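Take a look at this one; I'll ask things after.
Going in written order, the chains are labelled A, B, C and D, and every chain counts its residues from 1.
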Amino acid sequence: MEKFKLHFKRISKHPFFGFVLFGLALSLIPIFNNFLPVSFVDSAAKTLIYFIVALGFALLIGYGGLASLGTSSFIAIGTFAIYTVMDLLNMPFALAILIGVIVALMVGVIFGFVSLRIEGMYLAIVTLGLSEIMIELFKNFDKFTGGVSGTTFSSFRLLGQSLSTNQTFFIIIIAVVIAMILTYNLINSPTGRALLAAKNSDSAARAMGISVIKYRLIAFMVSTVYAVIGGMFYMAYIKFSMGSTWGLAVSLNILAAVVVGGSKSIWGVFIGTFIIFGLDLMVFQQIPFLSQGAFANFSFVISGVLIIVVVMYYPSGLIGLFKKMTFKLKNKLAKKSKGERKS
Amino acid sequence: MPLTLELKNLVVDYGIVKALKDVSMTVETGSIVAILGANGAGKTTLIKSVSGAVKVASGKILLDGEEITNSEPYKIAEKNVMQSPEGRMILAGLTVEENLLVGAYSLKSLKIDGQTISKKQRTNDLLTKVFNYFPILKERRKQQASTLSGGEQQMLAIGRALMGDPELLLLDEPSLGLAPLIVKDIFEILKQIKKEGKTILIVEQNAYQTLKIADYAYVLELGKVKFEGKAKDLIKDEQLMKAYLGE
Amino acid sequence: MYIIELIINSILQSGPLALATFAIVLIFRTSFTTNFAQGMIGTVAAFITTYILMPSPDITGNVPSPTFLTYLIAISVGIIVSFIISMLVDIVIFRNSKYITPVGKQIVTMGIVLIITGLIPFFFGISDRSLPRIGANLEGTFIDTILLSGVEGLRDIGIFVKYHMVLGFLISFIIIGTLFIMLKYTRWGLGVRATASNENVASMMGINTRFITAMSWAIAGGLGALAAILISSNKGTFGNVTVYFMVAIQVQAFFAAILGGFSTFHGPIIGIILLTFFKNLFTSYLNPWGNTVLYLFVLLIVLIKPLGLFGKKIAKKV
Amino acid sequence: MKPLFEKMKHLLNQFLRIYYTKKLLKLNKKKVFNENEMTFKNHQLEQKKERLISKTESKELSEAEVQTKRQEIEIRIEKELTEAKQNIITKSADIENKIIKMKAKRDNLQNALISKIENDLLALKEKNTHLEKVISEAKKTNKDLNQADELIQEKEEELKNNLRKINIIESRKNTEENTDIHLSLSHLTMKFGGLKAVDDLSFDVKKGEIFGLIGPNGAGKTTVFNCITQFYKPNGGDIYYNDSNNETNSLLDFKVHDIINLGIVRTFQNVELVWELSVLDNLLVGAHSLYSAGFFSQLLHLPKIRYEEKVLKTRALEVLKKLDILAYKDALPYGLPYGVLKKIEFARTLMTKPNLIILDEPAAGLNDAETKELAQLIKSLRDEFNLTIFLVEHDMGLVMEVCDTICAISFGKKIAIGSPSEIQKHPKVQEAYLGGE
């Protein structure tokens, strides 16, 4: 027993322990949902999908110091890639991932390489152009995208089995945990350090043998791959995608999620995604007054204001603020207990 | 009206380094005061704090008794304090003449004996004056400033400061990167400017030549005043020599 | 003949776009950031203009022509509001955040895009709105006679241009011309160029760089507003003012700035003329790949000339 | 058509040669990593031994039993150590083999280049004799004519340029022949617009010496520095460098981020650390070029990257210990004393076991005591790690104390080179600094 306890203590210290625990907690949602009047599973699934996308974006902005506005296009590429491969060609999911990733990497390299070669700031401009092109192309290639009216996805199959909504939800949770672990690995690897070094001082990084453009491109590529995979799960779960919905607003909301939560912390990104997407989907969209008419985009205003406030006053995001507060609280408590002991 | 400058217990912090630690000095009206010292002593920081380009952590800067500590740089320039910054800092996209006109940006029309001299008139007069001091600039007036050689850029920087018709002229290493002959010319011009009753605060590495035209000098070391005294006395000082060339 | 017509029409079309491009470069040079909210702030102006002209949207699609004076008032109000919003971005946000990086500023402007996107339906309703064509009520005036004779003269030699396009171009041309003259010959212009070259030195020389920067934002906001109004009224169709209608325009303006090079003021203006010409050329032959080819083409040029066609390299010391 | 073809071929050769050289440098880096691996293995097994011994001691055994157990453990560790050593030696031999193969490939191209250079040299020399003749003839025949003067001037200018080219080529040969030269600048020129920051500057840095570059502000020191580290591409001249295998490379062939692979590392004037990373991680950034694990290895945290991290962490701790700043290893650098920050930057340069360290104003911002400590540190590190040190400095006290050779420049031109005492007495140096008569 003693040995088991020791063993458990060691495991619980492992960084991945938190991620797995988080995944287990999430998988309770469909069970609890049975007791609730409204279903939160769909909202949770959407939030988690955006969380995957946001994790990739966090590497780009938090570690690379770069902003991109093409995120939504890459999500869209993911949705249409899975539709084309699984529905039209009747091929397995693995192939969809492969093809989606290859397409994203090709598009990403062309646009990323040129803009990053000039200056980091150009990436946002060039990816904005990319998203404009993409919306037009999605409209015109109606065979793969359903054109203006969008396309529906018949069913998500894994290993030849058609999965139910709840089963897909569990797959998404597994994907989220994997994405968290991979992101953790990457930000604690030489790649993560090289990105931070380049963000901090371009010249110092180069003097240390870091090819700045190579690592920035890697960060951009990773963010595109995460977006494409997020898009695939979106299609697998939501089963509908329309080219024109993947515009600027989605990219900006992803950016908001990452910036607001804290772009350098995995948990920060989750907090941000929850605030920007989760609250909106689970709370605001459920209230008719806020989900229709003039207030339909009410949540955008909140996201926008949060971005500005965080950039102005809390550069490390809300997670930084929480950390500061708990730190202060601990200090206060420590002082208090000290004081008590003295008296 | 010429200006007196007073610094009281100035401290400037650069985040990780303290550039100035409790520096006090006085610059009398109509004098040339030199600030000497090795690199990293805080000379440039001192001059930048006077012109408002660097924020002061504590202490006071008084101009004729009026406090100007941490004022906006343009407000200090409007008080007839002009600077020729270190490293020339010419405005690269502009022509030589435009660079000079930027110096005259805060000029205002002037009333002398009931006669108003318009801003335009003053600018033109000053332009002629600067071109008299530095004829080469007149030759190159239409040229892009970035195509000038190092010496010419330095002349442009000084000329630009003079275009503001300063009462207090702040010069940061005017001899930097200049051939000895040109340095001599520049110091001659400084003497002339002093004759007009203007005050000059000059930061220099070129110790002997500076002390020859200066009235008073301060030697800084690591953000503190190490010696001060009349230039005439300092020029004979052996310790000064050591400070520059090592043991 | 066709190619001449295409060139002339492209130049006419690029007039209002040049306003948006100029605004982007102005902000880039004085604040060293790219303003993504430019188009959105312009959109606000277009909405305000439609609101003043037609408090309730005309469902039949018959757009009533307002009088010249109401049109002028409506446009002015729109421009002034954008002018103020844009200035406030600089004064309220950027001036109060101490350690903000260029990318941080970019992100802030993206946040503003979100806020405006959310607020437009709240203020102006959820349906798209329409702006009537400018110049529809100039009949009989002096300008009208000149314009008409010009347009007809061109028609006689087989080149078809549209009346309102010529008017839009003339307005843009006059404004950009004035701005270039101001940049070159006025005190304000000298201040802007000095600030763009080196903000620290400019402020040491007595230039109130904060004022210059705030004014640049304000002017950029006004220019963006005018661009939005001219572009939407040029379309002339029902529902030409939508929340996102300026996004595509802004993309064009950005790519024009990259093509021409951010380091000069004239480069991007030439850039937008070239871009508009090739856009018209490509979209008529290469649909739906027109825009894709166009932007890839720009990227290819930038790959060879990273500073743009007219960009100058300014060597700086590390 | 043929010259064009020749030119293309030359360009291709040039490209391949640089490509192979870079590969070679990468292999060299692996060698450095192997050395680190050795220390790591020693360290690891030492720890293991201690752990095992303490385990046996905790069991209640008799003295004799402990002794025998201890011996057993020692034998076991010894065995493991020899195994590890053998392993590393095979790995090194493997690398050595690869190096030899790569070298053979590269040397073919190198020879082509050298023969081309020789040809160029001959052509230039021929041209010069011709020019000299033309000039002397022109001088003889058209003494009074203005036109001739112009011609003569023009030709003399050409002659000078050619001579410079010849000098540059010859200094390459010189560097190749004299392997005790570490770094050789030849007619280096760098212009910014109309400003000549470095003007036809040449000097040699010998292996193992501490070389100081001094000069008044604006003399072009930092520009020289940036030309060596390839932050600037010079407008004229060349920079040659003999690497640890005594092969001569022109630094102009490399990009900024390749320079560290040649064994050259620099520091920065204003301490450029990654403020968001701990001191230990900052050192690992310095060791970036020693990692060979690929992207997927990092993404999946495979054994390869784990092993490399362990090895390089051991190296980092070793370096930190040597510089006496081990206590700060987990701290974030922001807010640490300035002297410590400078040391961290120093430690970072040592991570890759460089041959040449370039220090940009190491004493700037330090007080007297710290400067003195720094002088000691520079000397001791040079001796311990067998380094060549090139420093740009304003603090003359430091320069005079530590440097073996000093080069003084002014307006981008060399005014004097020699030992500290020679430099101190040199009238031109005094003039440049003090602006005497």
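As a working rule, a contact is a pair of C-beta atoms (placed from the backbone, for glycine too) under 8 Å apart; a residue touches a chain by one contact, two chains touch by 3 or more.
Note that the structure is a prediction, hence the values are computed from the model and not measured.
Set against the Cα centre of subunit D, the chain with the most distant centre is C. Looking at which two chains touch through the most C-beta pairs, you get A-C.
Separating the CA-averaged centres of subunit B and subunit C is a span of 43 Å. One simple way to say how far apart two chains are is to compare their mean CA positions; for subunit A and subunit C this gives 33 Å.
Separating the centre of subunit A from that of subunit B, both taken as means of CA atoms, is a distance of 54 Å.
Put simply, the C-alpha centre of subunit B and that of subunit D have 40 angstrom between them. Chain contacts: subunit C has residues 317-318 touching two or more partner chains.
Counting only residues that touch two or more partner chains, subunit B has 87, 92, 146.
In subunit D, the residues touching two or more other chains are 192-193, 231.
Touching subunit D in their complex are the following residues of subunit A: 182, 185-186, 189-191, 193-194, 196-197, 200-201, 203-212, 218, 264. Per the touch definition, subunit D reaches subunit B in the complex via residues 192-197, 216-219, 271, 334-335, 338, 341, 361, 363-365, 367-368, 394-401, 411, 424, 429-431, 433-437. Note for the complex: subunit B touches subunit D at residues 16-17, 38-40, 86-87, 92, 144, 146-150, 152-153, 173, 175-177, 179-180, 183, 205-210, 222, 241, 244-247.
Contact residues of subunit B toward subunit C in the complex are 51-53, 72-74, 77-78, 82-83, 85, 87, 89, 91-94, 98, 101-103, 105-106, 146, 160, 164. In the complex of the two chains, the subunit C residues touching subunit B come out as 187, 190-191, 193-194, 196-198, 200-210, 263, 312, 314, 317.
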